[in-house]
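Please find the structures below.
In the two complexes below, chain A is the common chain; its partner is chain B in one and chain C in the other.
And now, the complex of A and B:
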């Protein structure tokens, strides 16, 4: 048996879990004290269900599987809790729906960890995953209608899903499953075709933010697979050229970003959301105005695209900075541990997933503050949205896999 | 009530920061301890290459973990991976292929302690670290015992015993069989011992190594009575009497 020895100490799970629980209980009590009777029950169900899932996961992982390190999950549970609190505060009637999506995401996180244990199984699943991903995006392109300027939502019965969020998981899975052709430039051809299919479809759907995230993830995976900077420079040059051509021949694409850098000049029109985010974020100060006391909550997409502004306003800048630090910590952790991972598959998966989250967070934060064009992407774990939260939890399984302690043996089912 | 709520925001910030900062610091500090799982020993130079990762890439490229700057080695030649049931070697589309104990592998092959692995002109001996110690301390204890064979110079009748894991032939000083002649390469050939069977590997690009009149292009097992020629020098391979 390969006992994992490490330098540095894991956090004390009991103490940290108690702190996380206390945080969530205070949020729940604050919302209950402010809410109407109907909403109080919703808050109780939401936080009750969430705490149950949280404890079930930690007890199962610690006592049954004997795991030790839980930093990654603690961060995810805390961030998801902050998102749930804001959702329950702004849209109490959507809180239970968000909880259900979170629970599905946590189940997906556990299921993906089980699948990732067996590298041979992962290698076999990569082609079905690739075809399913491209098929799902093509289906969305054909059958989805325009929602907020993009064709990225599917409505099935009373449910709405954003397939591109789930394809993010498959994109990393397919891109990283390449053991037989590791470090070989020749191995990139199929992945380039797959990435071209995904990114091209997203572009046709006018989902430019997600397309940009996929492209960035593609660069990370390609670099980790081949280590060839020249190929990546060529790909970037081709992408820039393609982007310029699209802007020249399809001017309406450029119009989507017309207000970028001019938010204050378009205070009440195209720069409405950005200017409000900046005003209300600034008013939050170091410790915020308190949960449920903000003004940004009344602006459209407050719990999705603008949630970073709501966090700044209601929870304060210090907490907002700590949230950003946690994305950076996840990436640094993945990079550091990739050297010691049980397989290059896990190393590529973890670095790609953590880089994707950080890049997405940067697009969200800089977008709402008018530093970058606003692309409508979510803040990982915090923003409201079922597909988004499910995909974030599943991506977390990739980060978890890089830790040697997660699987005792080198990627083989025991 | 309003006053309680006012102070609650400080408490919430403190709690969230306690968790996020503690977890972030722990994530940044955590690092598995370095451990050697196996090593390759270069039969020509005796250099050792430790494998401290679960997967070790081998090739001529800058991004490989073990790098050989030889034209016969592809940029990404092979990957050695540790799995539950032991070590495996994967040929990552190399031009010259990967040979394990003289046999060319098809995509992947299991590796065992003491196997000889050839990547182009690089010939290595593979050693697994002792599972209990987690290092290479016990390699000598678990070395198998070999029969001794001998190379006999057909002209002079001099015997050159082949002992241990391998023997090198060439003009270079320090070769087990040193032939100081201009038409012999510095590193002409290597004999390797695989569980009692001796293999012949040609190491020279310019001077062919002939086995029973045929040029040796890949590791080839030797039989008693085989005639080996390096340039103008001919040897007979046989058991030591």
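And now, the complex of A and C:
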């Protein structure tokens, strides 16, 4: 029985990998045939490098580590590939940069899996991670200038990074690790202080979208750990109160969200991006107008905040729905495997990471569709941005770690 | 551990909310996609404000609007452009009932499934062939001169509208900076006019059906100072002349208000309303080609006095008609009582030459019994023969009725002149409606326009 099952899984992997590869090849060929000659080499390098990394990962994990399940990685590779195609199409000169960030992200994904295998190591790392996170955010707050209304970018040399993206990984790591060891009020207080530090700095940076994501993740982790609904309601009430106070004393913050639900009435002002997303999404139809044929790409932040609209327009509504389902799949995967997790640390990490991505996807997608206020967060794995893609791949390590199968073969047997 | 995995189940609530949000987004997208995709900010469809779409041609293949090298072009002839403007529509969507606005989806090849992909694939959308004849429209536009108003011509057998002109108009290639009232309106579909004496056709129809000895009746039109009058209820209805003792045929020829006000009084509101409603009054007509709504002709006599009904019987009071409906009504008389649904789009053809839609002749039902229609034909024929002059419509065996509608109580206000008629020569199965606003007596304005247009029709479709 077991052998048959195993064989079935291998075939599934082969088929799914073939489908994902085919899709990526079609994107690459489309870009090569349409692009200007100077960009062809960039596209070839980008997709060549990406496919190489993809196959190196699968072959290494299957043959060397003897792993079986690859659902999570396939989803990530598919989404990353879509994002990379759009980046290579809209900004060919940035494609290789995006590829390098992706490769670093995949390396981080593998490295973090190795670290996560050793729970004792994780416990030792939690304080350094916490202090590093708050320190990095504080550093950003002090030294960053305003970029598009928020102080969340650091420029080092020619590189720009968004520290809050990387802190997301540390936030879950610290949150889950702290709670694992001492299920006491003292440890909860420490986590609350840590969370307050992170979220507070994000607020001061005017990065409200990310602050909201951190707050949400904080709630998920706290609830998973304590199950104390009353405390959480109190915290939420305090947060809402705090939010209202901020809106009262800093009315310009409110003005950012003022056009929510009224995008069409603010067609050329605050609703500009949302209405363009809707117009061009509608133009795409079920199957899209084809990669490179869209018009939304000419609107500001098309490859970042508005990328869901670009997918709707160029790849079609079905592909866009598949992306939405991907985030759901990651969370369902995490919830299912939590039951059999080796430790609550893994269960909390995985659920928090998957919930974070789903929440972030919701803010992004519903924001541009005027179902929620627009907060300017990225769409996990798909949006262009080095820090964002690295962060997503590392968060994926948490989801991967919850599966008992991950550490069963070729590594330390538990 | 167990408690943690149990708590993780709460996250299904998050998934549920996410799904709900996704459904809402997709639902709104699916419901509004058409409207959103057709937005003027969509640079797939609008390049520098010009509309990228398929060609619009008339029934003979004359191009009325087309996209060439990303630019929207119109017919080379300025008069044709002005004559067909309100039907073809402008690129910017000011003319709501214009084909370019009402058939935007078809012209761009937009479908919910494929989005604007067809536009990308072929570089243009579907082509639309209209039933209009550009030459007839041009002749009608010229015939209108400087007057504002409407001309409509349709084939009463098939329902094809071969001419629609609505003035004032403008050249879409050179839009005037100053807007004239009504220039964005296709008055043929959207206009509403007091019918004046053209409504006597309906009063006559009701009388034919309800008064058996109608042809033996005599009416008396007497008065002083050249104006006849008759007492109806508490007041008087006035006539344009003093016609003396006349029978129904003469009363119709002379368009005697006294006779028809008396008839309306005799018939009463129920019978008059019943005849009018059977002929399409007080009901919304089916949309033209399923897309273009036509305004509703109305006859409301619910709380009217006898005098009001008398005035209504001669097409005054609150009675209003839409030119499109009036033309349909006249056509039904010509067609033996059965109304044919008018249409303006003949076919929609993909760039690959496939027919997406071909209009078919459809009936709207019986407006008049065939006996009534036959009688009305005779009386309307008699009008042309004995009153307006057959020489004006030689060879057409024209039938018709004029109308001069007073639209204001003011002394120096000019009336609207109307003519509604049809050729009873089976070689030219066409009906016509003419409205000339702020003119004078219909015989000197509306009838000459009808003559010019019907002569053009005869020359174009002669055998």
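As a convention for this text, the second predicted complex is superposed on the first by the 388 of 414 C-alpha atoms of A that agree within 3 Å, B and C clash if a C-alpha of one lies under 4 Å from a C-alpha of the other, contacts with A are read in each partner's own complex, and residues count from 1 in each chain.
In the analysis below, a contact is a pair of C-beta atoms (placed from the backbone, for glycine too) under 8 Å apart; a residue touches a chain by one contact, two chains touch by 3 or more.
A quick note: this is a predicted structure, and the numbers were derived from the prediction, not measured.
Asker: Looking at A:255, would you say it contacts chain B, chain C, both, or neither? Reply first, second, both or neither.
Answerer: So A:255 meets neither chain B nor chain C here.
Asker: Touching A:189, do we find chain B (first), chain C (second), both, or neither?
Answerer: After superposing on A, A:189 lies clear of both chain B and chain C.
Asker: Pick one for A:147: touches chain B only (first), chain C only (second), both, or neither.
Answerer: Neither partner.
Asker: Does the superposition put A:275 against chain B (first), chain C (second), both, or neither?
Answerer: second
Asker: Classify the contacts of A:330 with the two partner chains as first (chain B alone), second (chain C alone), both, or neither.
Answerer: In the superposition, A:330 touches chain B alone.
Asker: Once chain A of both complexes is superposed, is A:283 in touch with chain B (first), chain C (second), both, or neither?
Answerer: A:283 sits against chain C, while chain B stays out of touch.
Asker: In the superposed arrangement, does A:267 touch chain B (first), chain C (second), both or neither?
Answerer: second
Asker: For A:358, is the partner it touches chain B (first), chain C (second), both, or none of the two (neither)?
Answerer: second
Asker: Name the residues of chain A shared by its contacts with chain B and its contacts with chain C.
Answerer: 227, 286-290, 316, 328, 332, 339, 341, 343-344.
Asker: Spell out the part of chain A that touches chain C in their complex, as residue ranges.
Answerer: Touching chain C: residues 220, 223-225, 227, 267, 275-276, 278-290, 293, 295, 298, 312-313, 316-317, 321, 324, 327-328, 331-332, 334-335, 338-339, 341, 343-344, 347-348, 351, 354-355, 358-359, 361-362, 365-366, 369, 371-372 of chain A.
Asker: Give every residue of chain B touching chain A within the complex, in rising order.
Answerer: 1, 5-6, 8-13, 15-33, 35, 53-55, 57, 59, 61-64, 75-76, 79, 81-85, 90, 92-93, 107-108
Asker: State the interface residues of chain A toward chain B in the complex, per the touch definition above.
Answerer: 4-11, 16, 19-20, 22-23, 26-27, 30, 33, 69, 71-72, 74-75, 78, 82, 179-187, 227, 286-291, 315-316, 318-319, 322-323, 325-326, 328-330, 332-333, 336-337, 339-344, 404, 409-412, 414
Asker: Which stretch or stretches of chain C touch chain A in the complex?
Answerer: Touch list, chain C to chain A: 1, 3-5, 7-12, 14-15, 17-19, 21-22, 24-26, 28-29, 32-34, 36-37, 39, 41-44, 110-117, 120.
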